[in-house]
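One chain, chain A, links the two complexes that follow: it is found with chain B in the first and with chain C in the second.
Coming up: the complex of A and B.
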């Protein structure tokens, strides 16, 4: 099953390059088959426990091993479903938005890189996945033409630098321990100086790639310059890859003293991302930049949850961390698709373009508002679920008034930037006239993930249980 | 990590030096081409470190006679990735320069396609 999930996108990409004419069809087909396979993998894992595959039957240690637990199969399912949805959106709008033909094979490669990343438990395989993901993401950003080249190049340079830092860490760890497999490495782990240096280098590289504060500078420009479907994929999925590896490193490898030293820094960075990212989202005059800054802010929640999880070792924080990742992926895909659709139809990049959008494009605006509700954390959305887990964990620890207040402040900030757009949309006095008749299908496609994130609340109990026990 | 002969130390020092030079170039260098080259120098430093570690990563008595094939495989993979990434970066840089020179002559563009909106 896992091999199918990897081979299928690869084959799909090859065939797309051979027959570019039916590339959209192939992309949709690949994504839908992969979604089914991912669903089956999820069932398999929930029934029979963790699955492991050693490629080509080599003994463990030599073979490339793939491991699926329920978290990674959930993430694979999310990846495949979002890929399908964004593929449909891109198919519905590619003539109008002049989306390059390169989108289809590249998005398929993106799916391959992400799936491989969720399944790998080997430091070097993870490096290869990271590189693949970074290069494909940059190529996708550069699809939107000349104005995107500069941010794309900047993204590429920083992403390469991040990967090199990660690679240096891998080299040091291999030199010290002689293994790359994370579980074996964790058994031999000693919290000495080389391993601390290696961990710090890898953390630096991954934070740069995941755009975690204070290394987030490249993200708003790159995500805002990309075409709408690409921004949706990048914000929803790509930045989560390095975050996943970061969690693997710190939750499975690092020794107790190392964890204790770094946990407050992680929590502090998360808090700074929440506040400063929120303020930037509130101040920026461009609609897509606002959503991109909101990604920076929301990644702060994940970082904060990771820091608190490392500090208190409370399973509720693990649940909060992964719930944030899931809810943010769905909500951000909806936001980017909705904003992309609105700005394309109303013809403008500034937030002022949204003026009167509740009248001219009610569906897309509804999608944005509903997804924004999850970003704020309004009950009963997925974002609320995550925030509730975080608050409950803090409450159970007791005496964490500072963090509780900080989260309240961050929530107010995210409410402010979401409502800034929504209020403009309800200003019906002088609405911006659409350049052409708004299309229904893309708006519905933008609404789907927004509804899905609210539907997460229906499955809150099993999700919480699953993520609490998993936590990697 | 205890028995380091002076030769190995020299190699490791060189690798660290290369990494440092590359890091300096990447952070300081204002031109994109220089930053791409600096990334390559960082990569060279890391690969050199890995080559050296391949000699001393094994058991003590076997060191310097046998090398660790896993690290060599990793270096090969890393080189392939580095070369393709560099090629991609250079291609992007070329397109950036083309776009810039096209912007400088908007009169010519007006006949052809729209300049950047």
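Coming up: the complex of A and C.
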């Protein structure tokens, strides 16, 4: 099953390159078959437990190992479904928005890179996946043409620097232990100087690639410059890849003293991201930049949950971490598609363009508001589930008043930037006239993930159970 | 003793060339110094007993990257000058790099001197891998999934570069360089074929052979030859894609050929067929790498050339 999930996007891409005319069709077909396969993998994992594969039939240590646990299969399913949704949106709008033909093979490669990353448990193979992901993301950003070249180049250079840092760390670990397989490495791990420095280097590289505060500077420009479907994919999925590796490193490899030293820093960075990202989102005059800054802020929640998980070792924080990732992926896809649709129809990049959008484009605005509700953490959305797990974990630890207050403040900030857009949309006195008649289908497609993130509440119990025991 | 002196001079030269390339005021000078740096780097790899890396560095680091930088310079406006940074702006990156360097050096000095146990495991497994050169065995058998993904990364680099590729202006070439490039072409093909074949038992293999082939093709392309070599030509596209495609098809075929086995193992070559499969995969990978690198470095042919090419429009 894992092989199918890896081979299908690969073959799909190759055929798209050979016959560019049928590329959109192939992309949609690949994404839908992959979604079904991912669903089957999820069932398989929940019935028979974790699936492990040693590639090429060599013994452990020599071979690359892949592992599908329930978290990986959930993330693969999310990737495939979002690919399908964004593919449909791009198919519905590619004539109007002049989306280049390069989008289809590139998005399919993105799916391959992400699937390979969620499955891999080998440090060097993870590097190759990171590289694949980085280059595909840059190529996708540059689809916007000349105006995107500068952000894309910045993204490329920083992403390469991040990869290089990660690779240096892998080289040091290989020199010290002689293995690359994470499970084998974890058994031999010693908390000494080389391993600490390797971990620090890898963390630096991954934080840069995942746009975690304070290394987030490239993200708003790059995500705002990309076409709407690309921004949705980048914000929803691509930044989560390095975050996943970061969690693998610190949860599976790092020793107790190393974890204790770094946990407050992670939590602090997360909090700073929440507050400063929120303030930036509140101040920016451009609609897409606001959504992009909100990604920086929301990644802060994941970082904060990781820091608290490392510090208190409480399974609720693990659940909070992955719930944030899932809820944010769905909500952010909806936000970017809705904002992309509104700015394309109303013709403007500034946030003032949204004026009166509740009248002119009610569906898209509804999608934005619903997704924004999850970003704020209103019950009963996925964002609320995550935040509730975080608060409950903090409450159970006791005496964590500072963090509780900080989270409340962050919630108010996110409410402020979401409502800033929503209030403008309800300013019906002088609405911005659409350039052409709004189209229904893309707006519905933007609404789908927003509804899905609220539907997460229906499955809150199994999700919480699953992610609590997982924690990687 | 003599080799120690050689190593010391090589290290000094590497550092000097790197600094000179970074601090150079003119981009053209920086590129020339960078090419020289690549050559010295290849020597350094050879001294570190990594001839595979030395070959790749000489072909890609010194050769193709240099050509790429020069063709990028040719597209720049002539009046464009690099921004001169003031000292405080240079200081922060320098401090950061020195800190990182210190950390890495401290870690490297603490590393155990003993070789990894994996080397013993590799030696044990090499009999069943189909080749006798350990680097090739690792690349195309033990960790073939990495290599497959690396080939995808290379393909992606081409796709990404095509998004932002500038218009190529038709230019005329110099008769002497045209004659030389034609004279060199058969030699390059012969040498690349040898490197590919040698990869089974000694340093060499698909990446090196492909890079060499690409270098020959780039020289021809810079002299306005090979106008049929463009992305819009279906057969060229097929060859570029074939590097990954043959790899995947072979892996699927290997699954079919494994008899009486219920559990499917991805990318496992049957031992008696491994040598043939690896040679086939490497052959197509070489062609794909050569064409990808050529298109990456030289870009599409000028529009006058594309018209009488045999390509069908995409």
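Criterion: the second predicted complex is superposed on the first by the 472 of 472 C-alpha atoms of A that agree within 3 Å, B and C clash if a C-alpha of one lies under 4 Å from a C-alpha of the other, contacts with A are read in each partner's own complex, and residues count from 1 in each chain.
Note that in this section contacts are C-beta pairs under 8 Å (C-beta built on N, C-alpha and C of every residue); 3 or more make two chains touch, one makes a residue touch a chain.
Bear in mind that the values here come from a model prediction, so they are computed numbers and not experimental data.
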So, does A:198 touch the first partner chain B, the second partner chain C, both, or neither?
second
Contacts of A:147 with chain B and chain C, given as first, second, both or neither
first
Figure out whether A:160 sits in contact with chain B (first) or chain C (second), or with both, or with neither.
first
Once the shared chain is lined up, is A:419 touching chain B (first), chain C (second), both, or neither of them?
neither
After superposition on the shared chain, which partner residues are touched by A:102: those of chain B (first), chain C (second), both, or neither?
second
In the superposed arrangement, which partner chain does A:312 touch: chain B (first), chain C (second), both, or neither?
neither
Check the residue A:14 against both partner chains and state whether it touches chain B (first), chain C (second), both, or neither.
second
Have a look at where A:444 lands relative to chain B and chain C in the superposition and call it first, second, both or neither.
neither
Which parts of chain A are in contact with chain B and also with chain C?
124, 128, 131, 135, 138-139, 142, 149, 152, 168, 172, 174-176, 178, 194
Residue positions on chain C within touch of chain A in the complex are 100, 103-104, 106-108, 110-112, 115-118, 121-122, 125, 141-146, 149-150, 152-153, 155-157, 159-160, 162-164, 234, 237-238, 240-241, 244-245, 248, 252, 264-269, 314
Which residues of chain A touch chain B in the complex?
124, 127-128, 131, 135, 138-139, 142, 146-147, 149-150, 152-153, 156-157, 160-161, 163-164, 167-168, 170-172, 174-176, 178, 180, 194
Can you tell me which positions in chain B touch chain A when the two form their complex?
1, 19, 26, 32, 35-36, 39, 42-43, 46, 49-50, 53, 56-58, 68, 70-71, 74, 77-78, 81, 84-85, 88-89, 92-93, 95-96, 99, 102, 116
Name, in rising order, each residue of chain A that touches chain C in their complex.
2-3, 6-7, 10-11, 13-14, 17-18, 20, 53-59, 61-64, 100, 102, 105-106, 109, 112, 116, 124-125, 128-129, 131-132, 135-136, 138-139, 142-143, 149, 152, 168, 172, 174-179, 192-194, 197-198, 200-201
